[in-house]
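A, B, C, D and E label the chains in the order they appear, each numbered from 1.
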Amino acid sequence: MDTRFPSEKAYPFDSESSVGMKTEKIFSMQTLDQIFIIAKKIILGVTGHFLPDWACLLTSILISISAIAVLGPFTMMYLTLLERKVIGRMQNRIGPNRVGKWGLLQPFADGIKMLTKEDIVPLEADKVIHFLAPLFIVMPALLVFAVIPFGRNMTAVDLNVGLLFFIAVSSTTTIAIFMASWSSRNKFSLLGGMRSAAQMISYEIPMVLSVVPVIMMAGSLSTNSIVEAQSRWHGLKWFVFTPWGFLGFIIFFLCAVAECNRSPFDLPEGESEIVAGFHTEYSGMKFALFYMAEFMNSFTLSGLAVTLFLGGWQGPFLPSWIWFFLKTYALIFVMIWFRGTLPRVRVDQLMGLAWKFLLPLTLANLLVTGFWYFTSRPVRIAGSMVLLALAFWILTKLNRDVVPEKRVYHFAE
Amino acid sequence: MTPEEIKNKIQTALPGTALKWVRDTLLIENPQDLPKVANFLKTSEEFRFDYLSSVTGADYLQYLEAVYHLYSMEKKTGPFVLRARVGRDQARIPSLVPLYRGAEYQEREAYDTYGIIFENHPDLRRIFMWEGFEGFPMRKDYVQEDSEILEASDIEWLEKHQVQVPEGMKKRAEELKKQGRRAVAERPGQPEPQ
Amino acid sequence: MIFGSGVLRSMLITLKNFFTSYFKGPEEGGIFTVEYPETRLPEKERFRNFPFLVYDRNPENLRCVACDICAKECPPKCIYIVREFDKEGRPLKRPAVFDIDFTVCMNCGICEEACPFDAIYMDHEFEIAGPERQSRLLYHKDDLLKSNEYFHKIRPTDATAIDQQRREAEEKKKAAAEAAAKAKQPD
Amino acid sequence: MEKIFSARDPSALNTETLEINFGPQHPSTHGVFRMNIVCDGETVVSLKPVMGYLHRNHEQIAENMSYAASMPYTDRLDYFNSMSNNFGYSLAVEKLANIEVPERAQYIRVIMAELTRLVNHVSVIGFLLNDLGAFFTPVLYAFREREKILDIFEEVSGARMMCNYFRFGGVKYEIQPHILQRIKEIVKKFPKFLEEFEALLSKNEILCMRCQNVGVLPKELAVSASITGPMLRASGVDYDIRKVDKYSIYGRFKFRIPLGEKGDVYDRYYVRILEMHESLKILDQALKDIPATGELVSKKMAPFLKSPRNFKPPVGEAYGRVEAPKGELGFYVVSDGTPQPWRYHVRAPSFINLTILEDMCLGHKIADVIVILGSVDIVLGEVDH
Amino acid sequence: MGISLIAGVATVTLPNIFHATLSLVAALLGIAGIYLILHAEFLAVIQVLLYVGAVVTLIIFAIMLTEGISNKTIAQRNKLGPAAVGGAVVFLAALWGVIRSTPWPIQGGTSENSYATLASLAGSLLGDYIFPFEVISVILIAVLIGAIVIAKKDSV
C-alpha cells in the first residue's frame, strides 16, 4: 500500500507561513487555505502523544478515508437537489420546495424513503450478483476520490500515476453495470448493459487521448504536478486557455458526460426507451447506490476535468479548496444544463460520434500539441488554431450523415 | 354524375355485378364482387377513389353489413359509400387489405365486434378484446353474460347503503355463494334503479 | 453553420429561462407554478365538478321533485332517485333517496341542463379526496343539499338569471291562476 | 465469409434475437399501448402492436343512450382535443337531422377547434421530445402555453379538458367579449413562443440526427394506408379536410397547408409547427369576423337542449368528418328514428394511423421506435375506443 | 495472491460462464494487487485498465450477444476438461525449467525507481526496443484497417 499521505510529507506550508506572518490578512488566508490540513495535523499531533507509530499512520489513513466517505454521499445527496432545482428553474418551475426551506431537507426525505422501501429481488434473478452489483458500482466511484486534488496539499493519495489510476478504476464501473444488467434477467436491463458496455469502451479512448496533451505539457501523470504546472499568472494559466487545451477540455468533458451516463448520452438508462436500463429491477437502497455512484462519478469526473484543464485548485484570492469546488460545481451545472436541454442521441450515433468524430479530433489535437511544444510563441498560437479549425472542418465534412439537412417546406393553397 | 350513371358505368366495366342504390350508397349484392368493384373505383381514371376512409360493420338483425367510405385524395371528391350484406351465420366478405392497407386494422375491428370474417386478410385476429373472448359484443343480440351477477358481499354493501338490489340478482349471488364460487363479473357501474 | 451551433443555441434558450425564472413574471418566461394549497387559480364561474341539489331557504324546501329526468339522462347513470310517499301511499313531490355515485359521475353537466325544475347544479367543490373509495364518494341527499345562497356565491350570473326566470314563471303562474280564478268567478 | 459479417441477415451472425414486450406499462408508449418487438441487437426485426387495454366499447355505450348523452363520451376519445371530437360528432348528427348552425356558433366552433389544434400540436411536440430523451423541458414549455388555452376552455365551457361544449346545432355557452379579448392576446403572443420553441428545437443537431430520415413514410403507402392528418401531409400529400370538405365555415378563411418533403419524423414535427402558424392565421381571421351577437343554438334544436331524449333524427345515415389535430375524425351514425342511434361508429385517426407503424419501424433501432410512435401522435383513449 | 489463485480456479470450474468471467475479473485484480505490492504501480494500473476495463468487458459483451446464454437451461460446460488439465500440466512442466534456471535474489530491489517506472519504461520502449515497438504499432494499424473494412462491408 502506498503510505505517502499528505501529513507525512513536508509541506511548503512551513516555509510559506513566514510570508503569511507579514500581514494579518494573508496569514488568515493561508490558514483558511490549509484549514483541513491543519485540522488533521492537530488531530495527529494529539494522538501521536499516546499512540504508537502504526496507530498514528492508521489514524491518518482513517481521517482521509472518512473525509472522502462523508464527502461522497453528501455530494450525491445535494447534487440530486441541485439537479432538480436547476432543471426546475430551466423549465420555469420551482423544484422541490416543501421539505425544509427551499427544499433543503429534501435529500434526507429521499434517503429515508429509499431506506424504508421494499427491497425487491426478481424471482429469476441471480441473487448473489444482483446483490453485489450496487456495491461494486459504488466502490470505484469512491476509490477515484483518492487522487483528486481538492486543494493545496489536499490529495488523499498522491500517486505518481494518479491520472491512470483514475481512468483504470473508473473503467471497472462497466463490470458492475454488467453484473446488474445480467443478473436481473430483464431484457431492458440487458439492453442497457450492452449499451453501457459499448459506450464505455468507445468513450474511454477519446477520453484518454484527450488527456495525453496535458500529460505531454505537464510531463507527469500525477494529478498534483499537473495542477502545479498551471500555476503561473497568479494561478490563472490554465491549460484551457490554449487552443489544444480548449479542444481537449471540450472533448474530455463530452467523454466524461458519456462516461457517467448523463444526458445526452444517458442511453444505458434511457428512461423513455428502456425504462431504466440496467437498474430497472432495483429498488430501495440498492437503487440509491446506483444513483449515488452516478452522481459521485459526475462529481469526480468534473473534478478531474477541473484538475486537468481548469487549473485545479489554482486561483487568486480565494482559498484553494473553494476554487476547486467552485470550478467543479460550475462544470456540474453545465452537466445539469445539458440534461435540461438536450435530447438523447441514438446508440449508433453515439458510437459514430466517438469513433468517427472525437477520436480523429483527439489525434489531431495530439499532433497540434506537439506542434505547439516545438514552435515559438507567435507561430504556435496562430498555427495551432488554424490547424485545429481545419481538422474540425474536415471532420464535419466527412461526417455528413450527422450534419442536419436543410429542408424546404411547400404550402398548398 | 347521377347515381344511375355511376351504377351503369360500373356495371358496364364489370359485367355480372349486381348493384343497388340504398340511401345514396351502393349496395353490392354479392359480397364476393366487392374487391372487383373497389379495384375498379380505385384505378379507373374517372373515380380514383384511392383513399378508404372508414370500414365498419353494422348489425341489422336479419343480416350484417360492412360499410366502406371511399374518398379520392387525388380528385378531392367523395364520399362514395359501398356496402355489402351477409347473413349472420356465414358472414364472409373478401378483405380489401390488398387494395387498401388502411383496411387492415379496421377490418380486424369489424371482425372483433361483429364477427364478419374477412377472407384473405393477412392477420385476422381480435384487436380490442382479448384472445379467447367469446361472442361479438357489438351484435344486437349479444348479451353481456355476467351483467346480472353481483357478488354477495357487493350486495351486502349496497343494501347497507340503502341501495335496492333486485331480487333476481340477490338470488343468483346467493346460489353462487352456496356453490362456493365467487362471481367473477364486475359490478355494473351502478345497479339500475327500479 | 458550424456543427454544434444549434445545440449551443438551444442551450442559450434554457439558460435564458433559468435566469428569467428568478426575475420575471409568468408571462415573460418566469415561474408559472401555482403552489396549490397556498395559492389557487381564480375560480371560473362556469367551472363544473360534481352536482349538488339546490334548496330555497331551508333544506326541507328543496327544488327537486323526484321526476327522475336527470337520472334517465345521466350518461353514466350515476344518479339514483327514490320518490317519497306519504302515509297513505300517495307520491310526494320530493325525493326520499337521492344518491349520486361520484366515482361514476363524469362531470358532464347534462343533469343540470336537463333538469326542468332548476334543482340540480354543478358544484365548484373539488377537494373531496378521502382515504376510502366506496362510502366516501357515494353522496346521499343530505350531503348533496346546498342552499341557493351558496349557488349565488359560486355562480352569481347563472343564479341571478335563474332566480329571475323562476320569479317570472311564478308570477306568470300566479297571474294565470288569478286569471283562471277570475274566469271562474263569474260562473 | 461474407455472409457471416452481414448484419442484414439476422441468422448469419448467430446473435440472439430478443423479443421485447414494450408496454403496456412503459414510460413512453403514451398510455397502455403495447408492442411486441423482436429485435436483433437493437435493430427491430418485427413489431406487432397490441391494443385494447383501454377498450370500453365506446360505440356500444353510445348506441345505448340518447344522441346528446354521448357527447361527453366523445370528449374521452381523444382526451387532448375534446373540442374537435365534439365538432365531429355534432357535424355528423347535424348532417343526419339536417340542422343549420347559426353564424356566431359557427365562428365559436372554429375558434375552439383551432385553439384545440394549437393545444394538441404543442403538447405532441413536447411529448415527442420527451420520447427523444429531452428531460421534460420542451414539454413544460409547451404546457406553459397550453395552460393558457386550457384556462380559456375552462372559462368558456366549464372544464379544462372534458369540455362537452358543442351541442347539435350550436354550442352550449355564450362566449363573452372579455374572453374573446383574451384569445386575441394569446393569438398575438403565440408566435413569439413558437419562435422560442423552434430556437430550442428545430436546428438542434441532436434532434436533427435523431429525426431526419427516420421512420420514412412514402407518399403512396401513406395514401393506401388511409393515413390522415399531419402525418399524411408530412409525406407530401395535399389533403386537408378543412380545404376539401369546407365544412362549417372553413371555406371563408385564407390559410395554407404545409407539406413535408420526405415523410420522416422531422417532417412530421415541422409540419406541425407550420400548421400552428396556419391555425393562428385562421384564428386571427375568425376573431376579426365573429359577429358580436347572435343565437348560439339553432331554433330547431333549442327545445331539445332541455330534453335530449325527445330528439329523434329521421331514419337515415350520415358520415361526418372533421380535420381533427390527429387526422380525419369521422363519425358514422345510423338512425332508426328512435332517440338512440342504431349504429354509431368512430373512425379514430390515431387508431388507423397505427396501421403503418411496423412498416416505418423495421430496420430502425429500438430508440427510433419510440420516436416514430411519438411522431404518429396517438392517444390511447382514441386508439382503444 | 491467494485470492487470484482461488479466483483463477473458479474461472475454469464455475458452471456459469458469466460467473466464470466475474471470477476472472477477481483474478486479474489480484494480479494487479501483486504488482502494487511489488511497487510496480504503473503496471498495476495498466493491468486494471486493459484487462479488467477492456478485455473482460469485451468478453462479457460477447457473452451477452451469444444466443441463448441468458437461458438457464443451456449447459455451459464442455467435455474438454481432461485435455485442459493435460495442457496445463505440460505448460507447468515447461515453466518448471524456467523457474529452476532463474536466479532468485533473496532481497528484491529495495529502490522503487530502479525499474518499471514510467520514465524508464518509456525510455526503453522508445529507445532500446524501438523496432519491435514500431512493428507492433504497424500490426495494430493493419488490424484496425482490417476491422474497418470488414465492418464497412455490410453498410454498403
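Simple rule for what comes next: a residue touches a chain if its C-beta (ideal position, glycine included) is under 8 Å from a C-beta of that chain, and two chains touch if they have at least 3 such contacts.
For clarity, every value in this text was computed on a predicted model and none was experimentally measured.
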Central chain (distance from its CA mean to the mean of all protein CA atoms): D
Farthest chain relative to chain E (centres taken as mean CA coordinates): C
Chain pair, A-E or A-D, that carries the greater number of C-beta contacts: A-D
Whole-Å separation of chain centres (CA-atom averages), chain A against chain D: 45
Distance between the centres, which are taken as Cα means, of chain D and chain C, whole angstrom: 29
Gap in Å, rounded to a whole number, between the CA centres of chain C and chain A: 57
Separation of mean Cα positions, chain D and chain B [Å, integer]: 24
Numbers and ranges of chain D residues touching at least 2 other chains: 41, 137, 141, 144, 200, 203-208
Touching two or more other chains - residue numbers and ranges from chain B: none
Where chain E touches two or more other chains at once, by residue number: 65, 70
Of all residues in chain A, those that touch chain D in their complex: 87, 90-93, 187-188, 190-191, 194-195, 263-264, 266-267, 270-275, 339-349, 402-405, 407-413
In the complex with chain A, residue positions of chain E that touch it: 18-19, 22, 25, 36, 41-42, 45-46, 48-49, 52-54, 56-58, 60-61, 64-65, 70, 72, 117-118
Parts of chain C lying in touch with chain A, wherever the complex brings them together: 2-3, 6-7, 10-11, 13-15, 17-18, 20-22, 26, 29-33, 35
Residues of chain D touching chain A in the complex: 18-21, 26-28, 41-42, 129-137, 140-141, 144, 200, 203-210, 212-213, 238, 240, 243, 256-262, 266-267, 270-271, 274, 365-368, 370
Contact set on chain D toward chain B in their complex: 51-52, 55, 57, 59-60, 221, 223-227, 237, 239, 244, 316-317, 319, 321, 328, 330, 332, 334, 342-343, 345, 347, 351-352, 354-356, 384
